[in-house]
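I've put the structures underneath this note.
Consider the two complexes below, in which chain A is the common component and chain B and chain C are the respective partners.
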Partner chain A sequence: MTTTTMKNQNQVALTRRQFVVSSALASGGLALGFHFPAAAQSNELSTLGGSEINAWVVVRPDDSCVIRIARAEMGQGTHTGLAQLVAEELECDWAKVSLQTFTPGQNLARKRVWRNMSTGGSRGIRESHEYVRQGGAAARIMLLQAAAAEWKVPVTELSVEKGVVTHAASGKATSYGKLASQASKLPAPDPKSIVLKHPKDWKILGKSPRRLDTAPKVNGSLKYGIDTVLPGMQYAAIKACPVFGGKLVSFDASKISSRRGIKAVVRVDDESVAVLADSFWRAKSALEVLPITWDFGPNGKESSATIAERLREGLTSTNNVFADIDQGNVAEAIQGAAKKIEAVYGTPFVSHACMEPMNCTARVTADRAEVWVPSQNAEASLAALAAVTGLPLEKCEAYNPPLGGGFGRRGGTQDYVRQAALIAKQFPGTPVKLIWTREEDMTHDYFRPIGQCRLVAGIDAKGDMVGLHLRVSGQSINAYVSPHNIIDGKDRRQLQGYWKDPGESQLGYTVPNLKVEYAMRNTHVPVGPWRGVNTNQNAIYLECFIDEVAKAAGKDPLTFRRNLIKNHPKHLGVLDAVADKGGWDKPLAPGMFRGIAQFMGYGSYTAAIAEVSIKGNDVKVHRVILATNCGHAVNPVQIASQIEGSVAYGMDSLQSESSVKDGRIVEKNFDTYPIARMYQMPKIESVIAPTYDFWGGVGEPTICVVAPAILNAIAAARGGKPVRMLPLKNEGLRLV
Partner chain B sequence: MLSLNINGVNHSVDVEPKMPLLWVIREQIGLTGTKFGCGIAQCGACTVHVNGEPVRSCSYPVSNAVNQKITTIEGLTSDSSHPIQLAWKALDVPQCGYCQSGQILAAASLLKRIPKPTDKDIDDAMTNICRCGSYQRIRAAIHMAAGTGKGIGSVIHYAGPGAANAKTGISTDLEIDH
Partner chain C sequence: MNLRRRLLWALGLGWGWGATPALFAQHVPQERLLQPYVGVNAVQKGRVKLEIARLADNGFNVPLKVSVASPMTAQDHVRRLLLLSNRNPRPLMAAFEFGPSSDQVSIATRVRLGGSQTVYALAQTSDGLWWLDSAEVEVTESACLDQT
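Coming up: the complex of A and B.
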């Protein structure tokens, strides 16, 4: 194991310690909680006074078990869910489980024994369930072997429950805490020899133990990245050129340098300037009045109108278009159809708006660089830090406290890490806490990409859909943040949910003549993954249009969908589940209208029913029933949390917009950018309908069906008149 | 020097009178449970009590707080035993948790004013933003803490492993009112 010595350790006066948040739980009153490295001066991860059985499990003499977690917790409950996976196989006492996170430096020092730390794409559990369960199982096997060796009995004669090992024949019993030291010295079992438990034998998985991280969230004691405090720390406020792609020309520091607490005014990079002060408010207040000259460049002429025009061109153009699906003869089928239905839908840029604004604390010296940053991918934070400082990875470290929201914003891009490191580099040894104002956060996001979609369908005399031509024209996330994912010029990611291949984001409908195309039309506005990513826009386009086609065919929207979806039993299953629990066939109160939608994303099948009423221009959503088949349901009550949260996040698709004027984002704060509030929330019911034959995601998949279900209910309430160009305010409507 | 009473402790701070109370609490006093969210009194993450009334501290000059009784999340109770905190834990309300200090202080203030709030009272008082969308559980937890007996919490249709319907593979037989 390697140890990195810090030259400046006397200066920082931080001791190597584990920050422990403990809480007395009502059940048993044991101290539980988290252990995360506040500032490790070594790449060696603490064993917290216990014995490390393997990378995933530490057992302490008091029988408590520490489970190591690689993924970031940002509210989605993955820490508790991942701990359940390990604990199930470990056969430990859940009431004695606590969690420990680690740094990317510690992961690298052990040759990435904990594998991927990246947390996005609803992958936390579905991608690592197997190896973390194997980690728990391997530890159990070693603990049992230690008991067998001590008692000189065959290991097959032992049984274990809640960390207590017994040998029935002799009546001997012991516990994990007593076996840990010996077990930690045993060789690890061959992973191929490990047989994981059958779901019917699960005791902790599929149940709903409470989250392990709630207690410090109700008394203010949980330290988020923005709460980082280091000795001698200074605060930085930053302003990037309001027009994306514009440049910083100059600033007049003399106008603010005599203000109280101001330490420095610095150029950060080609496009941004920062003020350093002894208080964030002083830094930000000075920055507000700093005279700055920008070169806005050609993008200063861009607006929502110019962007919309570019997207419209892509709807029918023959340039820079590719077909991901082209089966049968769609043109002929629609030409010869009894009825042709055509529509163009549009969805705007929207902002992540994490409640904790972007922030990063950095400390850089000539031979050591550290950041404290809320990150969905601490390894990406580390890489960004190394790139900016020019230091090798082993001389860098990224500490990753819990996140005040992530939603895709805190993944691969790490712009705030770059900025903080660039500032801190100019003040060697001085810790700098960079905080973005909300205005900076909302105008320099990596927005959900803007798009339009043209859909044309043909139905025959019986009302069956014989042809569907769907073309998305809009901005590409990959082109902006990960061009290597565009293979042969084809960016399939923008067609998420329309894919023919099963498993991830499969189209559930079968249409004999089908063409699905994407016309990449990029803008100067940065885009990135936004919780649910392209399923959000694509579900709106298709699911609202299907209602239009069903209406033209004179068919009930559920019946019409059931007929189209019958070749895909899992899509059908979840649609039927939501129809059943949502009472689709039951009459509604006068003035109430229903809408339904289904879609697939992140390996899970989802469907929703919304019930709304409209009074004048006021849309009231009364009830939403959301169903998911996520394969296995690790913690149903936490899945329900995610489903309930989906409704609020999905409402952005209806009421929010980051519009563009003079090349910059217009909506700068919550006074102009609406976020779902308590009064707008419907009653939400969660239908968790697992089929136990695959592992799907939970954090994102249910968001995309919220907006189309509500939109279809709105259309029903308006006599079939759809809302095609979002947000709702374009039609004079608002959510109340 | 300004004199402040925060959570029953007197502090003297040497700051500009117009510095928002939020930044004094976080940076001068060092209590970080009160959060920065928007800076314009929109989101409520910075909610504290001033003489028992909820105040958005990001837009509240510290000079207004002199000689007032300020309570932050750290001072609501010493052991997380406020009925609101107990209900929050019982229903696992927080997701990311960042807004919850403000939500809890807003809810505690509501119960003080209206011991048995209606849904409409909750809608009117709870204007804080929760980006994770924990609203349904916040509402349920307020009803639980108030003992109104009409808290609709999470409605979950879920049957558990082994109960799969043979025909569709979908199991939705049980209903849990969590």
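Coming up: the complex of A and C.
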């Protein structure tokens, strides 16, 4: 069971009340179409029988409005949220809205009129809210101008509601469907002249209309990338060298070539081999028995132990370390403190474990290349396809069906697109569907980077923290995927959430003597962004340690945090909101324990309370209360849904680990790689507390507080004994 | 630039201005980028043709072609051609020298780009005039690495 509290702080200021988001608010049922270009015949985007008012809006004669969406849908609900943003300014009838997606080729052909198609960094809404609302507003202005011209009245005398335009003085009325053709011929208004609505005037935004993509998911009709079927299609199974950095030496195709349905065995690149067959099962089964010779190279000697040793060295080394914050004199402050507290925390590599494994269908000829790929960034897929085939972008296209999970795996790292294109290139004109097995997916991920963190704090006689020295030692994502983002050898990205800079992922605590350092210690394991990226690990390190310090100071964890956080009112705001909703000041039932945590990421502020009980080694999480201030709440029920997903993802990360032995990943499937199960899920209560003075993300920043809140509750249940090295099994604990 | 960013800049807290290093390299405005090479001289669009794909799936080696229309005679030829980046730590990516004995000015190479940016091809002709072409390139980044 889940409840959501919408705490509208604008309204709080006026009415001093909270209101609960219930199913009554989630009204406005829709009979909605979903227009997805399965294979565009040209770079011209269809107007679906209507008139294109501008790039974002098409209006059809029956008054239905088609809203174009640039971002990818992977369950986070961004399609519905973005449509709400456009529809609000368009003043159309939400019940007559449908969506249309388009291809990166179509975006390029129109000089990227829809801008960035990348879906990550919790950017979908917070990055594009302004220009998509302007798109909706511009279309409304043009439609009203068309009515004014037809009736020969000043446009200022017109009003519009739900797509019906009226002129009160004359009693005339018409609808968007009738105006669309004329409106589409008018010049677009100057964007600078457009005034967007104040949130207090919102009719569609801030409400929770039903999601546009639920029904086809529930009834099974939604086609994901892995469902792609093309005439004459062949299936490919792939195996890359199990040791990262190793090479493919040779394989003996003759051992499997006589098996039923096998078409070919091909070298894909320096490190992988694929079997092509008339069904995936035949391709996969043949690949399993294909004799392959690998050159594992020097990385075959790497293991979790050698990697842990490298990270430990970084915790105290003076080599390759930089301080992002160094204020006051930390060494002196801790030396002179009444009490010194020290701890080392660690978080492992983890896999994205998307429900839909990596896949890509490709068709390549001498003068055209196409892929059908679930991608968080269809433009990246297109660019990868062009790079592999050597064809210009105009001769390539990427179709982007909905994703069965992305979590950062399907973003800029388009390895599966490259592989599918490399295979398809060898069979011109034949569509090839490459599917990774679960084992391939889990052992060739771009893993969440491994890290350790040493924290040392000093408290004075009053129990106040006078010094904090925090050093992260671990692998850098930028070093692996975007080295150009490392400036002067300093990768600030790994310290996400500890930054002094406001706005993005700011440290909420004020400590007079503070040093925050990063020691880059890279490994041979590929790493990449994992939903929430570095906020997850960094929140665990700091928030669990803060509880240790609070305990040493003899203070309540909430009181201790409130004292440290008082200079950052928004951080404090969500901390208080969660404490209030969670009843922090009220006693718990016997055997129940709770923990609290707060953090900032992706422009949003979050805090959580977890309630747990422990029986032997079994940890039961009973209740999680999670508060967020994401600035503007576009769709509260959707935010609550994201929070629920975040709790599940945070609980995954407590249990799972991708460990390394003989240079390769050990955990290959869900038998050894546990993720959160239904029976483990707690009751989740969401508190949405927008302050309407910024736009923050939701999908990622709501994860990072989940694990530390639960860990702090576990520590409380164990008499203050913290869990410092994840996953929980290292302490003999498991979630039940 | 949205209001929040504008405010940050106004407060001098915008990325790149604080005591800590910038999270991402900043784009250098065109005038400031070209000034070290052209000084106070005017720069004209034309004669230079820069061909580079609008999208690159990474910035490690991005192919491009540049040509400059010129008779390449002793009286009228291209002296130099510069490739500039408005985001790389070192803005001058390549410099080519030419003379009247060069048959034509046409180069094809690969450059490394530190993220999405504008690439400039700047040529100086023997009469001292500067000619420019530029192109925006989107370097697609990993999903959740904020602010590309």
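One rule holds for everything that comes next: the second predicted complex is superposed on the first by the 705 of 736 C-alpha atoms of A that agree within 3 Å, B and C clash if a C-alpha of one lies under 4 Å from a C-alpha of the other, contacts with A are read in each partner's own complex, and residues count from 1 in each chain.
Rule of thumb we're sticking to: a residue touches a chain if its C-beta (ideal position, glycine included) is under 8 Å from a C-beta of that chain, and two chains touch if they have at least 3 such contacts.
Predicted model only: the values in this text are computed from it and were never measured.
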First, second, both or neither for A:G412, with chain B first and chain C second: second
First, second, both or neither for A:L403, with chain B first and chain C second: first
A:Y692 touches, of chain B and chain C: first, second, both or neither? first
Between chain B and chain C, more extensive residue contact with chain A: B
Partner chain(s) touched by A:A343 [first = chain B, second = chain C, both, neither]: neither
Which superposed partner A:A633 touches (first chain B, second chain C, both, neither): first
Which of chain B and chain C A:V218 touches, first, second, both or neither: first
Partner chain(s) touched by A:A384 [first = chain B, second = chain C, both, neither]: second
Chain C-contacting residues of chain A that also contact chain B: 406
Parts of chain C lying in touch with chain A, wherever the complex brings them together: 2, 4-5, 8, 13, 15, 18, 20-25, 53-59, 88-89, 112-115, 138, 140-148
Complex contacts: residues of chain B adjacent to chain A: 15-16, 19-20, 23, 26-28, 30-40, 42-43, 45, 72-74, 76-77, 80, 85, 88-89, 92-101, 104, 122-124, 126-139, 152, 154-158, 160-162, 164, 168-172, 176, 178
Contacting residues of chain A [partner chain C, same complex]: 104, 108, 112, 116, 118-123, 130, 324-325, 376-377, 379-380, 382-384, 386-387, 392-393, 406, 408-414, 446, 477-478, 481-482, 484-485, 487-488, 490, 492-493, 499-504, 528-533, 602, 694, 700
Interface residues, chain A side, partner chain B - complex: 23, 74-77, 199-200, 202, 206, 208, 210-211, 213-224, 226-227, 229, 235, 260, 279-282, 353-357, 402-407, 435, 437-439, 569-570, 572-574, 576-577, 580-581, 627, 629, 633, 636-638, 640-641, 644-649, 669-671, 675-679, 681, 683-693
